[in-house]
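All chains are identified by letter, namely A, B, C, D, E and F, in their written order; residue positions are counted from 1 within each chain.
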Amino acid sequence: MSSNATQYDLITLGETMWRLSPPSHIRLDIAQTLDIQVGGSESNTAIALARLGKRVAWWSRLPKNPLGQHIAQVLRTYGVDVSGIYWQENARLGTYFIEFGSSPRPTQVIYDRANSAASQMEPSDFDWSALKHTRRLHLTGITPALSQSCLETTRRAIAEAKANGVALSFDINYRAKLWSWDQCRPYMDELATQADLAFIALRDARNLLQKPDATACAAASKLYERWSGTSVIVTQGEKGAVTFEGSEHHEVPAYKVQIVDRVGAGDAFSAGVLCGLLDNKPLPEAVQFGTAAAALKMTVPGDIALIAHHEVEALLASDSTEIQR
Amino acid sequence: MSSNATQYDLITLGETMWRLSPPSHIRLDIAQTLDIQVGGSESNTAIALARLGKRVAWWSRLPKNPLGQHIAQVLRTYGVDVSGIYWQENARLGTYFIEFGSSPRPTQVIYDRANSAASQMEPSDFDWSALKHTRRLHLTGITPALSQSCLETTRRAIAEAKANGVALSFDINYRAKLWSWDQCRPYMDELATQADLAFIALRDARNLLQKPDATACAAASKLYERWSGTSVIVTQGEKGAVTFEGSEHHEVPAYKVQIVDRVGAGDAFSAGVLCGLLDNKPLPEAVQFGTAAAALKMTVPGDIALIAHHEVEALLASDSTEIQR
Amino acid sequence: MSSNATQYDLITLGETMWRLSPPSHIRLDIAQTLDIQVGGSESNTAIALARLGKRVAWWSRLPKNPLGQHIAQVLRTYGVDVSGIYWQENARLGTYFIEFGSSPRPTQVIYDRANSAASQMEPSDFDWSALKHTRRLHLTGITPALSQSCLETTRRAIAEAKANGVALSFDINYRAKLWSWDQCRPYMDELATQADLAFIALRDARNLLQKPDATACAAASKLYERWSGTSVIVTQGEKGAVTFEGSEHHEVPAYKVQIVDRVGAGDAFSAGVLCGLLDNKPLPEAVQFGTAAAALKMTVPGDIALIAHHEVEALLASDSTEIQR
Amino acid sequence: MSSNATQYDLITLGETMWRLSPPSHIRLDIAQTLDIQVGGSESNTAIALARLGKRVAWWSRLPKNPLGQHIAQVLRTYGVDVSGIYWQENARLGTYFIEFGSSPRPTQVIYDRANSAASQMEPSDFDWSALKHTRRLHLTGITPALSQSCLETTRRAIAEAKANGVALSFDINYRAKLWSWDQCRPYMDELATQADLAFIALRDARNLLQKPDATACAAASKLYERWSGTSVIVTQGEKGAVTFEGSEHHEVPAYKVQIVDRVGAGDAFSAGVLCGLLDNKPLPEAVQFGTAAAALKMTVPGDIALIAHHEVEALLASDSTEIQR
Amino acid sequence: MSSNATQYDLITLGETMWRLSPPSHIRLDIAQTLDIQVGGSESNTAIALARLGKRVAWWSRLPKNPLGQHIAQVLRTYGVDVSGIYWQENARLGTYFIEFGSSPRPTQVIYDRANSAASQMEPSDFDWSALKHTRRLHLTGITPALSQSCLETTRRAIAEAKANGVALSFDINYRAKLWSWDQCRPYMDELATQADLAFIALRDARNLLQKPDATACAAASKLYERWSGTSVIVTQGEKGAVTFEGSEHHEVPAYKVQIVDRVGAGDAFSAGVLCGLLDNKPLPEAVQFGTAAAALKMTVPGDIALIAHHEVEALLASDSTEIQR
Amino acid sequence: MSSNATQYDLITLGETMWRLSPPSHIRLDIAQTLDIQVGGSESNTAIALARLGKRVAWWSRLPKNPLGQHIAQVLRTYGVDVSGIYWQENARLGTYFIEFGSSPRPTQVIYDRANSAASQMEPSDFDWSALKHTRRLHLTGITPALSQSCLETTRRAIAEAKANGVALSFDINYRAKLWSWDQCRPYMDELATQADLAFIALRDARNLLQKPDATACAAASKLYERWSGTSVIVTQGEKGAVTFEGSEHHEVPAYKVQIVDRVGAGDAFSAGVLCGLLDNKPLPEAVQFGTAAAALKMTVPGDIALIAHHEVEALLASDSTEIQR
């Protein structure tokens, strides 16, 4: 590899936990077994992007024990570079327990993430010079919520990206169990303003803007302005997404899906959009790629988008879903 | 515990069987494994009511072997008092085999309950003095169908309840495989007439009344009259329930549910209604509580309503089913 | 058994493979276990017909090892006569891997059937004199696509059937992975012309006729003429089937089904039709029997129609699907 | 098939039940699933003998429902002829629950076989003319213990065998939960005396003879005399078996086995011996064949001896158990 | 219940965690599922004692969420009184991950118990007046290692027991991951000195005494003296146990066991001894009861001693482990 | 990465198949599910070595479909570099079916590897310049047996290694199902003579040398001489291994192991030896490391040595296998 070639298409960083859930619809209070999934917005995006053929690195702090190794191995399975992980002795892995609901019974999540290794991430954990050979950096609004040192790590990542001319995307990804809108609004603004591209769900956009009735288009315009020219993608679930880059709005509809598992669709969407941008597509076209990736994710069980580039292309090209015998 | 306090909120009695079913939609004639569920209308109601926070005892005859102990342990898990069970040596546990259908293939049930320990229940099996410290007694129309001694036990229970001023609810729960309407009608009338409150499905009400086209309201009125003033709840599945206590009909709609398992919803409904009554709610409000309990039951696999009081309250108060992260 | 009685109601022959699929919606590239199903159009029909009470034999070549024995045992379980199988030493069993899709992700099939024992079937493998005591022969358009010797075996079977006055049904069952329409059209015509009855899906009929917009009725008429008087059943999935025997078209609607597993419905349909014909029903009535059999098949998991004659009759007679307790 | 050829190598009759057991070592009182095995001494022997290549029929009464059909299908899978079964409407299938022990905790069996269809077997259930074309009949001491009509059926079977010159084997197979030695001794003697060959465990031989310290050889001699010349095989588990036909004792050692599942080894032994006799081997050689069959059975999970003739032969010929790669 | 009767035979208190382990011998770093067991020395003893027929209460702090409820329900299943639990809002449940080894690979335990609800237990959590109606209190050396407030809770429990004349047993149960011998020795001495009876493993006795070569008898004597007359049971695993009450040593051999699961045998032993003492047996006889209980525990999978009083008695009375058919 | 640093510690190449086996001891002819393992001697060694901390690449031809991707992903999970794989369109993956035996029933393997992608490997598939930056090459005697082009690929690999001064190890690994000793002897000699180090099982050494009674030491000396100075390791399973490098024999005993799964122990041994050599240990010490690695492998289920460097070191340093709590 020559020294002036790019090493990574994208680097991302954040916390990844064990997601422990009883099988089927069994309730947690009588469960006898738990399924292990590896859950983290940034690592989901990293895996999906690696599956789509991009060179991706994921950074985090993990406990130096089999639980931490489990997470690194899952990422490695799909080709994500995990050589930048900071391994901490005598630390714990964040976990969460999830009991899947069924309308009208809500899904219930019990977090047990306090004092995790990842929440103790520090700016000095990582070799920032890697950004010199990287095309994009992707961050989310979850990391700065974890701890002061995580916030500082996020700030350092942004500073390094800016210094090296690395394109920066930021996914707002508000988590109500970590902080309130009043607490997080200044930080979200601070970070999103520095990004080239921001992802935000319509509900979050309304809360951030304190405009409960804003349409997706209105929200996109307002955020573009508020963040001094950051391109904005407002997502609306089954209603698709809206992009705004300063001139006109593009509305991209979502695919109709026979859903197997909805979890992780947002991260697959981000991965699809970023894949499109890395392929030098214009943003609306990249968002189309993202909606196809999200649709395919929802046909696969688990948080991870086990899909391939050619499958996304095939979906974009055709609407046939018949079996070829 | 002071001697004049109530000991139980409710006592119920009846037969509980092992329900053995192949997993998924596998047919019985090629099954290799069977799932064990504990199935009995009265014990389902008892468990649901205990989960809702009430002090409940369930009485029955069980074989003194691991199969009988299995049933007692399941009840105890959820807090039902099983100290009143009569344990019979050298007896058998009633079982039934169920193969779940899918429209247009009907669900098939093969009962193997003849000569079970429960079918040999006798009035002398139980310590009726417990009713002195109990608020409600709940019986069903299944028990008197099992045997002459079961009928006598039902009669004795009613007599003891009346003697002690214990409120009595009776769930008609007609079982076509045990007796015909012509056989059971006089007994149903005899028992329901003595109850304060009767539960009956619309289809059963029509058969009992021999009025195949009766509406729920009409049936409720007729039964109220036929049973000399017993309050009546006529249930109509997805169409909700109607109550009549002599003056006006109350119609309570059912919740819309993404169904996981429909079995046991009726018993959860009874438990919810009885919980409301024990909380001194008026009947229509108690029935609302019951419809919410039934809705939540249907989101949980298995016969048993693994739900909590605060979940029922939350459903009554809100319609949000989103995940809180 | 007296020597002039019929021995079999029907003989069929063809290739049966192991169908290996990951459970649930797990993707093949990360699967850890595979479910084994026995998959073959002719054996599916044979099993369904045996379950419906007919005496059926299935012929094929199988490797003389536990994998081949597995297939014979599955057929024997349901009463299919497997004494005519040709057992080949040092041969392989055809297999295929299937990953079930979910719209818009298509189901993916990876065949590994080259050089299978069945593809080496030869006319001399079987004791054709058995046809002297057999009422019907059933063949499909899959077998002639497997190899030249399989084509010759198909031709020999037809010749023997004609010589012995055995009624012949032929299921077109086009497989795009084995040959193209241009390749197969002459053979399909050659074989279908000799049959008394042909089954064909509307899509295949349109391709065979090179009339992409033909209706089911038009296709049936055209094929009847093209094949010099072979009775034709054109199937249209959820839209039912059309029959044409030279005078008028009969349209038979499909049942509405809560689908558990769609695979094998076509073979169950054939079995139902053939059962009806063996019971001396007129073709439209036999097709009704077939649509009921196909509907019931779809309520059962797996390729095999684990249904009974009385269940088909009950469905034809009634529309009640309620549980009898 | 010509009319004077034999149709069956062997016919056997008896009760077969569903054996329901929790997986692993899970105790029955907390089990959530049960594994279904088909358990019956005579059907075990029938299946093993069919696997060894003989034409075998098994007769019984079964309930005409999916549970009875399950049992017939399992037998048919392995090639046992089940056309002689008497199907009873509205009957129950005998079942038993088994919880596997581990020394010093004993295995626990809970029978629930009273009033089973099989216990209602009658002499008129079967077409005894089939014995005209049969080489051997095999009976056990379990059947006469089930009911008076079962005893009569056993007597009739013996009478028909004698009348048709069919060789008769009788396996004592004492069941303490069905009757006491004092109850059964006269019947055992009556039936064994008429047999050509009797199988008996050493412990049972001692109890029958009321000689608690008899050696296997002594027991064999005594029984030969007591039963007026019936050949006797006394089995001693890991210590092998002893045969006596009037002149000298032959001791056949058992194989050393890495045990997977011991259940059904006795029935596999009987099948092996009977296979040897059907192959016209002298008794001691047939018993060697039986010990090899029993050894192989113990390497396979479940009651059924899923072994092949060539495997038994290979074991008799060699002692290599290495993998051939 | 009259006010001067005893309410409980025994109360115990301590921390109980979720024990999460991969099935079979699967390693944690590639596990996909985890089995849930409820693990805690004191709750194991409580459950075993309740199964043996005693009235037992278990006290602890648990998080007020489904994970905490899970633990209470498991205890309740077997009849342990859980009404004394202190339920804490917004707390976490201690968990540990266990990967089972196989010689020479050691079993690996990863604790994640810091800041658990139980570690925040305080003396004021419990209603100490219950000890007035209780015969025995059982504590272990784990609880005082969890936190200062847990140490204080242990001290308070002992003081209350002494004040009410409740017999006190103390199981040293040293945990190297919680503290060192130098740290814990004074506390162990302080607490054991106040007990009537102490349980200690030989290895722990040697470390406590700093006499690495002490025999079990010597250790028992030394500890009896060191603790001013506390009766001592020194356990040696497969070599049995030694008791010393001041005069002579009693050595009780262990049973030979075909081991299914060794975990929890020590707690079953304690339960057996305590059951014997509650039945007013002299200590050596109680220890015999304990060794039988421990032996039976090891034939059952899981931490919990799912055994019955009559099984222990049967083992003490006999050595037969044969199946009764 | 600077251009003159080594890139890989070791490269290996060969065929890897899907190993499909029924769970537990279930026989193939009645299996309903298959477990998927990734089986290949060279890939097993590659994974074990990567787990031990070395930089390892594995080369092969794989079909470009999900089955081939499955294999690459498993290797990637554990850190093996798979960038050198040649992906072939429209190819098949070699598979084999394994039914585990139990003495005296042998394990049975059914290969289905003919015409696999790997068997079509050619010298031009790989970028041989990678050997310039690699320390060791590891080959086995399986690859040359697959096809002429595989033999040529092996020869080319050796030539390239020699040209670049890369140390070469060769594992004889004779497969009787692929060729006979008479067929393979010249090739084995040709290849082993060029190696620096050869691994050979004692049984294979005896067959190769045609000296059926040779001791391990004698065989090692003979082979060293026959192969003109190649260092030799003769393995003897539980009896350990012998090394010979020209002067004296070193005998290294095997560890005593409580076996969970014996499969893959030889490959783990090779990996351990190669790890030792890469750490610049003398051969006898490297073999000690290998025996420890093999011992640990046997405590883990599956073909793959899921062990860590520190675990091997701990085993070498200690003999304690107790749980640390």
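Just so we're on the same page, a contact is a pair of C-beta atoms (placed from the backbone, for glycine too) under 8 Å apart; a residue touches a chain by one contact, two chains touch by 3 or more.
Since the structure is predicted, the reported quantities are computational estimates derived from the model, not experimental observations.
Contact tally for D-F versus B-E: the pair with more C-beta pairs in contact is D-F.
More than half of the contact pairs of A-E, counted by residue number, reappear in one of B-D, D-E or A-C; that pair is B-D.
With each centre defined as the average position of its C-alpha atoms, the distance from chain A to chain F rounds to 40 Å. Work out the mean CA point of chain C and of chain F, and you get 46 Å between them.
Chain contacts: chain A has residues 27, 29-30, 32, 73, 77 touching two or more partner chains. Interface residues of chain D facing chain E in the complex, by the touch rule stated above, are 24-27, 29-30, 101-107, 109, 175-177.
Contact residues on chain E toward chain D in their complex (touch as defined above): 77, 255-261, 295-296, 299-301, 306, 311, 315, 319-325. Partner chain A is touched in their complex by these residues of chain F: 1, 73-74, 76-79. Taken in their complex, chain A has these residues touching chain E: 20, 27-36, 65-67, 69-70, 73, 92-93, 95, 97, 99, 108, 110, 112, 114-115.
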